[in-house]
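Next, two complexes with chain A in common: one pairs it with chain B, the other with chain C.
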Partner chain A sequence: MKIGFPRALFYFDFFPFWAGFFHHLNIEVVTSPPTNRQIMDLGLKNASDETCLPLKLLSGHIQALKAVDWVFLPRMVSVEAETYTCPKFLGIPESLLSSVPTGIPVLSVTLNWRKGQRLVLKDLQTMGETLGKSKIEIKQAFYEGQKWQEKFQKTRGAEWNFAPTNLEWPPEPERLKIALVGHSYLIQESYANLNLLKKLREKARVELVQHVDQIEIETNLLELRKKLFWSHSKQIYGAGNKFLADPEIDGIIYLTCFGCGTDSIVQELLSRKARQRHKPYMVITLDEHSGEAGLITRLEAFLDMIERRRVHEGYVSTHGERLDCNSNTL
Partner chain B sequence: MKVTFPHMGNAWIVIQTLFESLNVEVVVPPVNSKRTLNLGTRLSPESACLPLKLNLGNYIEAASQGADTIVITGGIGPCRFGYYGEVEREILRDAGYDYEVVTLEPPNGSLLGLAKRIRFLAGTKNSWTKILKALRFAYLKSVGLDRIEDLIHAARPRLPSPLDTEKLYEEGKERLAQTMSEKGIFDTIQWVQETIRERQVNVRSSVDGKYKPLRIGIVGEIYTILDPYSSMGVEQELGQLGIEVDRSIYLSGWVGNHVFQGLVPGYRSIKSYPGYAKHYLPHFVGGHGQETVGAAVKFAREGFDGIIQIFPLSCMPEIVAASVLPKIQEAYKIPIMTLIVDEHTGQAGIKTRLEAFVDLLERPTMLRGIEQTRGEVLGVGGR
Partner chain C sequence: MEEDKFFLGVDVGSVSTNMVLLRPDNTLKEALYLRTQGRPMQTIQEGIKLLRSRIPNSSEIIGVGATGSARQLAATLLGADVVKNEITAHAVAASRVNPKVQTILEIGGQDSKIIILRDGVVSDFAMNTVCAAGTGSFLDQQAARLGIPIEEFGPLALQSKTPVQIAGRCSVFAESDMIHKQQLGHSLPDILAGLCQAMVRNYLNNVGKNKDIQGPIFFQGGVAANPGIRKAFEEELGQSIVVPEHYGVMGALGAAFLAQERLAKRPESLTGFRGLKLSETQFQAKSFECSGCANRCEIVEIIQEGISLARWGDRCGKWSLAVGTSNDNSLAGQQRGQRGA
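After this line comes the complex of A and B, so read on.
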């Protein structure tokens, strides 16, 4: 039996769990190829116009799955207590059924960690019935999956190589250190983000959300008066907040996509903090029309600005007129 | 302390009543207008949804009337409305407005925290019994408001002069806003009914009463369907085109579910919708996404002629609903149109689309409906 796993959206965070899970059940998992022109076009044509780029890509990846017995589209309602994923995750698979190639059934399961592990297991066992697996097999597979996922998180994805970017640069203190924050499915989606991560790594040392310890993220969330209720946003805000306070970090780039609802809130909160702390901060908004030249120009301008700021230490003569007299970012 | 709150259609009448019966000073912000939206848009994140922009505009306009405390409701996701209070607080502070923002929700699930917040708003003079009484009265008023609104929905396509119907609606709202007794609410509804009955007598004899109005169900994101400004008055526009309108969510239905946690049903309870949606969207998606789908199914089964979905640009739950609606359109052979609104929405554009949609619906029924009469307003609305 072959299960088709689209290489989009939840793939970047939770694939190890599902890989371990299905591996234990002796089910082969086939992923769609990395995003390419054709997949993107398929997605744009089929997905609803209003939805965001990552979901359009998911639609393309679903259509790119060939010769599989099932298309696997889990409904990841929640991945930890007290949080949700994005509402668009909750609408999977129904909102994407039209993308599934005719004749291939959809395998789905509702994963809701808000209700605790027992019910997650129960939901998985219901799915197991469809696959003809016993409850005990599912339980063991679940633990196997968790083991894989834990290892993945501990090694920060080193062995999984989702984004071929683990190039090690010699530690030069001269090089700028830039933090790139945003959803994993944008930062590691190198086709859609026009290879931003690689481009950035060529010019500077890069810190990602995944590089921050969970404990540090939690402590950086404490100052919020109300808990954020999206798991991804918690990671992004917690890590971003840590980067803001870190004097080693020279600047922060927030990668988002057009129409992202959770980012519209979190980005606003972070940008305000960045302003208060006088940290260089740039937002890059992706959509299907993003052009490479525009991205490179903005990236270079941002890095140049930081470079200059380093030399001048942000001190600008108070005498006379200056161009940025109305800006408080310096 | 002067309390203010964001606008959402007729909700101001209910909220004003609530605070006034507790002797709390309240500032009702000027109704949503181009100015409100401009003021709000200037401060908002560009990709935030329309309600946030209008909310901020309301606060700024209320600030110039001396308001210093904001009351809004909250939520724990996954719709971003749940985080509005926090973001609005930050934005207003940075913009130099000294506001206290009170979110009416149990902080971290603590009911004691909620009680403290209510106590903060109500002051020390009001006993809990009085607060509960005020809540009950405000709720009754919201039900009354919804009944009047529904009567007007039925009256618009049936009464001869559109202008008089709007005037009746305005006066009904006015009377309801001013009354402070249960009898007053009841009397107002009766008065509206009587007025409609009188006007209908005149119609019956004339010739132009000889057709049955088409029915369109309006579904979608709650703010945009409850607030006529944000949707450019879709309901009024449709009513004047001779369409009878019904809506998925009414104010008191939302109040009953969201504020009272389902303890009271409200007018047209929204509880049944997830059941209708089951086949198309079996899981909730935050906001009212599942309700939108459920209501669409319900309207389709009740034989409505068309459905219009309205939501603000980038609304996450409604996008999910929108991608499911084509299935319903196909299954029930009912035309569904989606209107997405943001700060650039223009009246003319909406009007053109509505007229085209109505034309499309009218064509197949032109012959069929010629023998039928319009029916009476009171037989249709406000039940």
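After this line comes the complex of A and C, so read on.
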């Protein structure tokens, strides 16, 4: 039996769990290839025009799955206590059924950690009946999946090569250090983001959300008056807040996509803090662009700004203080 | 002779191609403002030809800077020493003209930007995002639709006493709103002034969002020629706006200054400029779709008399790497390139 797993959206965070889970059940998992122009075109044509780019990409990846017995589209309602995933995750699989190639059945399960592990397991066991697997088998597979996921999170993804261009550049102190924050499925999606991560790594050292310890993320969330209840947003804000306070980080780039509801809030929260702290901050909004010129111009201008500022701030002013120290610009 | 030495600055944008010749003493010898008209290569060649006719034969170009959205293309054709993005180029030019400038409003053909400077250094900037509403081409389009030359747009708008309210969120909405106002019988100057206000509102809400706009404020880019927009900015910001003398070629001027800066840092370095005779040779651009993988990248190749100067557009780099050789044999080119390295 072969299960088709689209290489999009939840793939970038939770694939290890599902890989371990199905591996234990002796079910082969086939992923769609990394995004290419054809996949993107398919997604843009088929998905609802009102949804976001990552969901359109998911649609393309579903259509790219060939020769599989099932297309696996879990409804990941919640992945940890007291949080939800993005509302658009909740509409899966129904919102994307039109993308599934005819003749291939959809395998789905509702994963809701708000209800606790016992019920998550029960839902998985219901899915197991469809696959002809016993409750015991599902339980063991669940633990196996958790093991894989834990390992992935502990190594911060180092052992999972998502992008074919996952290059590590040696750290050099003179190089700028830039934090790139945003949803994993945009940052790691090297086709749709026009290879932003690689381009940035050629010019600077890069810190990502996944490089930040979970404990640090939690500490950085404490100051919020209300809890963020989207799990991705929690990670992004917590890490972003940490980068803002870190004197080693020269600037922060927030990668978002057109029409992202959760980013519209988190991005604004971070930008206000960045202004207070005079930290260079830039938002890059992705959509269906394939021309790189706009992205490169913004990237170069941002790095130029930081570099020229650094040289400038190296001067010791005879005046004693920066004239603009009360200004609220960056 | 010192007078015969120039820095060349080139800014190839979507709508206009600008070139300046800068003397080493920071004065401007020549400034050209040409329409790109979708043919950047020919426009660059044409510009070089024009410049050549205006300077003595003994002239020497001692440094070249390129900027604008086609800076890569311009740099390849010219052999530029410095290739910089438009933001840095505009900021450098403005702060050379007036070191105290704190805000630059720049509206070009396809994009608009705001640059915040403090003490002559860029401290923040923003560019328009996915939408090109409120840029020069929108004004161009509306002027054409109303049947008035773009040059008369601004002076006409200034005649307005009671500008009409026009929806400025989106250029499509703005256009339909404008048509409705026309049908109601509002005068042309009132509609044009309303359009200027809508565009400025849109710019300040989108591009200028959260920016600390302090004077002196420079307004540059092609749209700065429009006094209607300038007036709308002054009303909205409650401050006077300065349109620098060379507002239309500030990007090119910045590129020339950057070339000068580079030479000052490394006085022994020679320019890579390919010569003023450039306008006489044949450049060709070829594009093809690579079928190496499913990405189907569109590769552009620039050829000068049978020699491939540059290729770009590929995601994997296999075409860009194989440059600098005769174009009919890319494999041999690749091998030769490796030996050279």
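The rule is short, and it goes like this: the second predicted complex is superposed on the first by the 310 of 330 C-alpha atoms of A that agree within 3 Å, B and C clash if a C-alpha of one lies under 4 Å from a C-alpha of the other, contacts with A are read in each partner's own complex, and residues count from 1 in each chain.
Basically, contacts are C-beta pairs under 8 Å (C-beta built on N, C-alpha and C of every residue); 3 or more make two chains touch, one makes a residue touch a chain.
What you are looking at is a predicted structure, and each value in this text was computed from that prediction instead of being measured.
For the composite obtained by overlaying on chain A, chain B and chain C can both be accommodated side by side without a clash. The three-chain arrangement built by superposing both structures on chain A places chain B and chain C 90° apart around the Cα centre of chain A, to the nearest 10.
In the superposition on chain A, A:108 makes contact with neither chain B nor chain C.
Within the superposed three-chain model, A:224 lies in touch with chain B and out of touch with chain C [touch as defined at top].
Shared-chain residue A:46: touches no atom of chain B or chain C. Judged by the touch definition given at the top, the superposed model places A:301 against chain C, while chain B stays out of reach. In the superposed pair of complexes, A:210 makes contact with neither chain B nor chain C.
In the superposed model, more residues of chain A are touched by B than by the other of chain B and chain C.
Applying the stated contact rule after C-alpha superposition, one finds that A:86 touches chain B and leaves chain C untouched.
In the superposition on chain A, contact is made by A:258 with both chain B and chain C. In this overlay, which is a superposition and not a single complex, chain B and chain C have their closest Cα atoms 5 Å apart. Of the residues of chain A, those at positions 258, 285 touch chain B in one of the two structures and chain C in the other.
Interface of chain C with chain A (complex): residues 69, 84-88, 111, 116, 118-125, 127, 129-130, 210-212, 214, 293-297, 315.
Residues 33, 36-39, 191, 195, 258, 271, 275, 280, 285, 287, 293-294, 296-298, 300-302, 304-305, 308-309, 312, 322-324, 327-330 of chain A are the ones that touch chain C when the two sit in their complex.
Listing the residues of chain B that touch chain A in their complex gives 45, 47-49, 74, 76-80, 82-83, 85-87, 89-91, 94, 103, 107-108, 280-287, 289, 313-317, 319-324, 326-327, 340.
Against chain B, in their complex, chain A makes its touches with residues 47-48, 50-51, 75, 77, 82-88, 90-91, 94-98, 110, 224-230, 256, 258-265, 267-269, 272, 285.
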